[in-house]
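Below are the structure tokens for one structure; questions will follow.
Chains: A, B, C, D and E, in written order; residue numbering restarts at 1 for each.
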Amino acid sequence: MAGWLGALGIFLMASLATAADFETELKTLSKGSYSKKAIAVQALSEIDDARVLPTLQVMLDGRLYVVKNGGAIVAEEGESFRNILDDEIVAYTSRQVKKIRINNKLRRALRTALASIEIKSKIADVRKSSVQNLIKAPNKDLRPLIFEAYKQEKIPAIKELMGVALATIDISSDDQETRLKAVDILSLTVEPAAVSLLQQLMAKEEGQYVEQDAEVVAAAESALKKVNGKIRVYSFIETVFFGLSLGSVLLLAAIGLAITFGVMGVINMAHGEMIMLGAYTTFAIQQVFPQWIEASILIAIPAAFLVSGAVGVIIERTIIRHLYGRPLETLLATFGVSLFLQQLVRTFRSNNVAVVTPDWMSGMLEINGALGFTYNRLFIIIFSLLVLGLLVLLLKKTLLGLQMRAVTQNRAMANSMGIRSSWVDALTFGLGSGIAGIAGVALSQITNVGPNMGQQYIIDSFMVVVFGGVGNLLGTFFAAMSLGVVNKFLEPAMGAVVAKIMMLIFIILFIQWRPRGLFALKGRFVED
Amino acid sequence: MKNSFIGRLIQNDKAARNTIMVLLAVLIIVPFLNIVMPEGSFLHVPTYTVTLLGKYLCFALLALALDLVWGYCGILSLGHGAFFALGGYAMGMYLMRQIGDRGVYGNADLPDFMVFLNWQELPWYWQGFDQFWFAALLVLLAPGILAFVFGWLAFRSRVTGVYLSIITQALTYALMLAFFQNDFGFGGNNGLTDFKDILGFDLQSDATRLVLYMLTGIAVLAAFLLCKYITLSKQGRVLVAIRDAESRTRFMGYRVEHYKLFVFVVSAMIAGIAGALYVPQIGIINPSEFNPLNSIEIVIWVAIGGRGTLYGALLGAVLVNYAKTYFTGGIFAEFWLFMLGGLFVVSTIYLPKGVIGLAEQLRNKRAAKKAEQASNQKVEGA
Amino acid sequence: MLEAKKLNLFYGASQALFDVDLQAQKGAITSILGRNGVGKTSLARAVSGRHPVSGGSILWQGKDITRMSSADRAKAGIAYVPQGREVFSQLTVEENLKTAFAVLPRKQRAINSEIYDLFPVLRDMLHRRGGDLSGGQQQQLAIGRALVMRPQLLILDEPTEGIQPSVIKDIHNVISILRDRGEMAILLVEQYFEFARALADSYVVMDRGNAVLSGDIGAMDETRVREYLTV
Amino acid sequence: MSVSVAEYKPKSILYLNGVTKSFDGFKAINNLSLDIRPGELRAIIGPNGAGKSTMMDIITGKTKPDEGEVKFKDLTDLTKHDEADIANLGIGRKFQKPTVIESLTVWENLELALSGRRGVWQTLFFKLADSDAERVASTLTLVGLEERKADYAQNLSHGQKQWLEIGMLIMQDPELLLIDEPAAGMTDYETLQTAKLLKDISQKHSVVVVEHDMDFIRALDTKVTVLHEGSVLAEGTLDVVSADPRVIEVYLGR
Amino acid sequence: ADTIKVGVLHSLSGTMAISETTLKDTVLMMVEEQNKKGGLLGKKLEAVVVDPASNWPLFAEKTKQLLEKDKVDVIFGCWTSVSRKSVLPVIEELNGLLFYPVQYEGEESSKNVFYTGAAPNQQAIPSVDYLMNEEGVERWVLEGTDYVYPRTTNKILEQYLISKGVKKADISINYTPFGHSDWQTRVADIKKFGSAGKKTAVVSTVNGDANVPFYKELANAGVTAEDIPVVAFSVGEEELSGFDTKPLVGHLAAWNYFMSAESEANDAFIAKWHKYIKDKKRVTNDPMEATYIGFEMWAKAVEKAGTAEVDAVREAMYGITVPNLTGGIAVMNTNHHLTKPVLIGEIQENGQFETVWQTPGGVIGDAWTDFLPESANLVADWTKPIACGNFNIKTGKCSGQNY
């Protein structure tokens, strides 16, 4: 910030007239209603003054203040304030200054204003987002500006966007040719704002097209057809993605249970709380290392595994081990544990805690205006597959995995084979719990972290494990993914509630057909 | 037949006799103390307590129903709350209709919640509920038919073990979501409430409450005898055989699915009655009764009391619910979940057969000790 | 090698073993005989650590193992082939065999091909789940699994049950080979009298939880033994 | 099938023709044919894994064959019935691995197996007749478990469970008994006792018994079928089949 | 009795503990403070805390316990409407006194309940007005959790919007279950609905735990407040403290109180709260203010009546005033609802709301909405001559309900 104010002096000399305008418009920012402020912002953006851009930026960030005594406009910079006009740094108490309030309307105005400046930026990403903002709010006055930028632009994707931006303006031109050309350009994009412009061309009033020109209407119609076709494809892909991502959430939530319940046979009602502990671990790490927010998730994964895993081991050693051979009783005891843990967390803090999403997981990978994949969900899909893969390897390819399976099938015989079943049991339960903890880290990125969070997942998790076939990790995977995808295809048609009910009925009926789940254990021993 | 059965029961089965005695005692003594003892007296049982006991008895009835299917036939239903709630809704609908024009909108034809959601007329499935007999029939039929259809499908397909448990859970979960919906016509999340009277008797009056309490007691007693009869008959042995070795039982020629279906439906109907008795005493029925966690709790009552004993289920339900009442009031309010959770854990580890099994457990332990000591002495002597 | 003295064992309040003594020597086979329900399996369980004894002591290679867990006994070289097979039904045949690796040092973790030579069916069915095998195949697997452990004491509880005659002959040969190698003590619970007599070096006859006869096979009074087996 | 079933005298009590069953490509039963006459006592031997138990699974409805006919008394197609039906038609079975109802007493196990009507209402209002009680008592003696009659079946030893299961089969009183390895875990003496018992039973019933114990088979003194790899390898008296080099090769050993 | 007993009926466990525990602490703080001032009528106040455990029938039972066994003089409690509905018959039968501090759907006026939270006309309608006038919104998504409060509120809003000339096609109403956590489809739909060229806003009656995933999805899908603002009625400071607020700046909420309100009373209240709860980071919120106002009013009424006896206190309640924490004065009306100002705030990065608009004066809480045909005719007035909660101005009678 010092930089831009430093270079300012020269401008002050160079264009006194505009400097005066700047000063007066700046003053109006601190007075009047939001609409008056919006006009001032617009006016400011048209002034050729290097201070405009940073001022608007500061304002958008909500860091612009007015000094109560004297009315100087200052930008907040940490503990002190910098005078916009003379670049001086002054210390005011919070009582001496008043924030220049903005609301959404003003934010939009600021955004557009900034966009008109930033379209000339040297940074491609800035130009891109500026164009995108301009598409949202077509403004005839800005056409020359955009056209200039369009001519200069080298990057095809951005150039195309700029073309769209121009078309969004041209489409309301008086000239039929221009309009037709605009329609043509718009037919190539799936940007929602552009599509809606096409739709507006098709609008009717009292049975008559509002658009006078039949040729334009026809062009718009065929363009819309083309666009809608594309959008349908994209929305299909999007739904599949939604389904897979819901599926991966289910998978993550269920996978630990697939160990503790599926492999060990413990009806682990405290599974949800293991997830919760993992999520709280993420929170704790962000609290302890606020400077490492970006890396916090990566630190939290092993940490949550250890925390939940350790708690799991403790539960196994103190409680579960008394209950082998009495699987139903584990339900009772772990339900008790679940109540206990919930209330424990509640005593620490009864409401939800805020887990921050690191920047690299925020936002979305935009394929185009109609299709994008949110990073957090992409991450979770990949992550869940990774966890599943590692687990399958562990269980199937290592001696420990073999021993885990042997112990759960016949604890006494495993002991007679020299396998220390108590040790393996603790480890297995710890593993299942630890994985639940990892799931908690991932889930903290999409949902709330609070004392109740475990309960949200426990029922779904059991459904998934059972639907897939108890004791079969691959079954758990397919169950989670298919439930996720089917749910997402049902939801738009019938709403979330009915979709969920349909899923439950579907599970009930499916089990009639395959009484031991999707990937049933087969063989003559099953019945015995 | 029945007399002789009860006679034999009282003669031969000490635990059953005690259970019957206790039930009769609470049936007679509590009302006596409520009516006869003066208000200030230390022996007086306030109506508040009577209603509370009534609630416990409803839960005891529900636990009994679950014990019949779980304890004896090995069907671990994690959805028994659904049958309870359906019975409750059937009764609730009757009570709603009894409000008549005494609702807040004064609409004689429609319950309040329909009025403010702009319903124009009573939906078809509400027809008939202004008649008590009809509602009473539905108290049995709604859970009974659901259990029949569900059981017919599941048992025929040989869905067993956790698979069965989880689909019963899915069932109650689906019902919860459905009943939550206002469009469904059962009052949505708020459910049915603001009841005025039953068969013309004011629900808030002490006399009505006392009668309801006694009816509940009688229902528990009757259901206990019924379950006892079933489990003591040869059918009881078939049920145990199914629980222990389903496929072996089939090879003996028993149609396992018929047996399961029979007890499942009987159990669902008992649960429905429990729900129907619960609603007028508690004053509200809403979808949270369908919450899967509630159904899990029922399992816990039975387990704590002692699975497969019937009276254990009764005891467990009363104990756990009393503990809940006790812990959630007064100084424990903020810590009660610790206590309840702890109770569950401790009792599973130390009371594998429930509170009821405690005596047996002690007896066995003593016998084993004695036998060992005897043999050791012999060793020393030799 | 193995010396058990005055073993007493209880199931709850009912006593299954009364002051039973038992010995087994390296390079020798001790056979335990007796009718149904006399306590043969209980004795095998007591030695393998499956069920705790309430009185008496068990010495193994000079060490007191009376209170040792069965896993530790397995590590000390005791392998157990239980009555009723107890194969891990959801593990494949190969995985069943590999469960024995727990007692082996890392470098020795391999399945000796001798096992497959003895029970060729195991090689054929390496990837079939244990629970799918026929009864006799499971029995062979259970014995094979114990052998993978390279035990110094092998406890066999009615190993010939359900096995076809030719394989019984093979097992007979193997057991005598193992004995002749002189590295292993063998405890054999058997009701198939001929089989036991042909193999055993010494014997114990049980009745109602008591060891009623015992001694070297050479000095065995066959008629008295048969009496105990028929009454 | 509807015409006077009562009068009909079937040619065979059990008839298998061309039965095949494979598990994941492995043919456990391969084009197996078998014909058991009413009142016949048939011994079945064969190597481990030959398919003997699987054959019983198919007859009793536990496993459905891929191909082939399974007929009971000429007319009833057993593949169309489930386990309970088949049991009620009159086919009883003892499993290779003894399976009894563990948390019922020995006595109750026998009572449960007692022949009679098995409907829900019938068991609800069932009353034990004196004659039935006597049958239970005599069976208890027969299997040597009088002393244990009030004990839970789970507390029996392996061999005692075997006996109990035989007792249950007797109580069930089926027309056709399928007995899988009854002598396993019995002393030589008991083995011979069992053989005698089965011979007695076969006076009035048809019996199919599987065993590996040659002394037992010899004591049965009856027709022997040798199964191998899912089909019949040889058939005849024990002397005949045990002289068959193929039987020696795959089963008896040299 | 030598003490005046105050019942506290808020869930300390179960799903609602998240919200209600704070209110229990607020009441306890108020009791403590009142006792420091010497109690009421020379008697100490004694708080009786019970835990109805987010279990609706248990609310009724605990109410009974408080009134019959513990004989409390007043109850502060409930959060969800269903818990209140469950308590209602009991409190009416036993003639207790309940202060209900949460915004709700209205359609109720019980003689035994004072409603200190907002009625729909004190929250929903003003915020829609704001969006229409200030942000120029023309297209509406009414997004709610599937239960009575959202259903009723949306019904009212729909009527209201239509009466303002909004076309049906420009209103989209949708419900999701409690605790709904997968918002991908809904957010995508909202995005599509909002890209029709008309300014679009979301009016959210999404409740409780479903909010975090909802806002997270909005943020990640790039729906910013500038594109499609969301105005929520159930998201306050307490909820925000569980949010990652950075991407949510500009989204709105409507309440009668924000912690950021600049007033001395508020500063004092916050200071008091921080001292009581021993945690400087804890926030205050609207239901806390409602609890505070309710408590202060009750205390004043007890002083005025000279007794804590319910009927006397009720009579004394009408017209009682207590300063709002946001400035101005709250008045208890004879329909048992408050007159309070309505504030609209935007979410800030620091987890606070910044007031962007506020009604010039107080708004009288309306028990029966004017936008539903059946309710339009009803008024509540518990003073003579009407003296009932549902007086029908057409028939001139109190319908049904006697309480």
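Please note the rule applied: contacts are C-beta pairs under 8 Å (C-beta built on N, C-alpha and C of every residue); 3 or more make two chains touch, one makes a residue touch a chain.
Just so we're on the same page, UniProt names per chain: A, B = Urea transport system permease protein; C, D = Urea transport system ATP-binding protein.
Remember, it's a predicted structure, so these values are computed and weren't measured experimentally.
Minimum number of contact steps separating chain B from chain D: 1.
Counted as hops between touching chains, the shortest connection from chain D to chain E is 2.
Set against one another, A-B and A-C show the most C-beta pairs in contact at A-B. Among the chains in view, B has its Cα centre nearest the centre of the complete protein Cα set. Taking the mean Cα position of each chain as its centre, E sits at the greatest distance from chain C. Averaged Cα coordinates give chain C a centre that lies 75 Å from the centre of chain E. A separation of 30 Å divides the Cα centre of chain A from that of chain E.
Rounded to whole angstrom units, the spacing between the C-alpha centres of chain A and chain D is 65. Once the centre of each chain is set as its mean CA position, chain B and chain E turn out to be 36 Å apart.
Within chain B, contacts with two or more other chains are made by residues 177, 180-181, 247, 334, 337. Contact with two or more other chains is made by residues 12-13, 146, 175, 177 of chain E.
Contact of a single residue of chain C with at least two other chains is seen at positions 14, 132.
The touching residues of chain B, counted against chain D in their complex, run 230, 233-235, 237-238, 240-241, 243-245, 247-256, 258-259, 262. Remark: chain D residues 60, 62, 82-84, 87-88, 92-93, 95, 99-104, 108, 111-113, 118-120, 123-126, 128, 168, 172 touch chain B in the complex.
Chain B meets chain C in the complex at residues 364, 367-368, 370-372, 375-376, 379, 382. Put simply, chain A touches chain B in their complex at residues 267, 269, 319, 322-323, 326, 328-333, 335-340, 342-344, 347, 455, 459, 462-463, 466-467, 470, 497, 500-501, 504-505, 507-509, 511-513, 515-517, 527-528. Put simply, chain B touches chain E in their complex at residues 46-48, 51-52, 55, 99-107, 113, 115-118, 177, 180-182, 188-191, 193-195, 204, 282-284, 286, 288, 324-325, 328-330, 333-334, 336-337.
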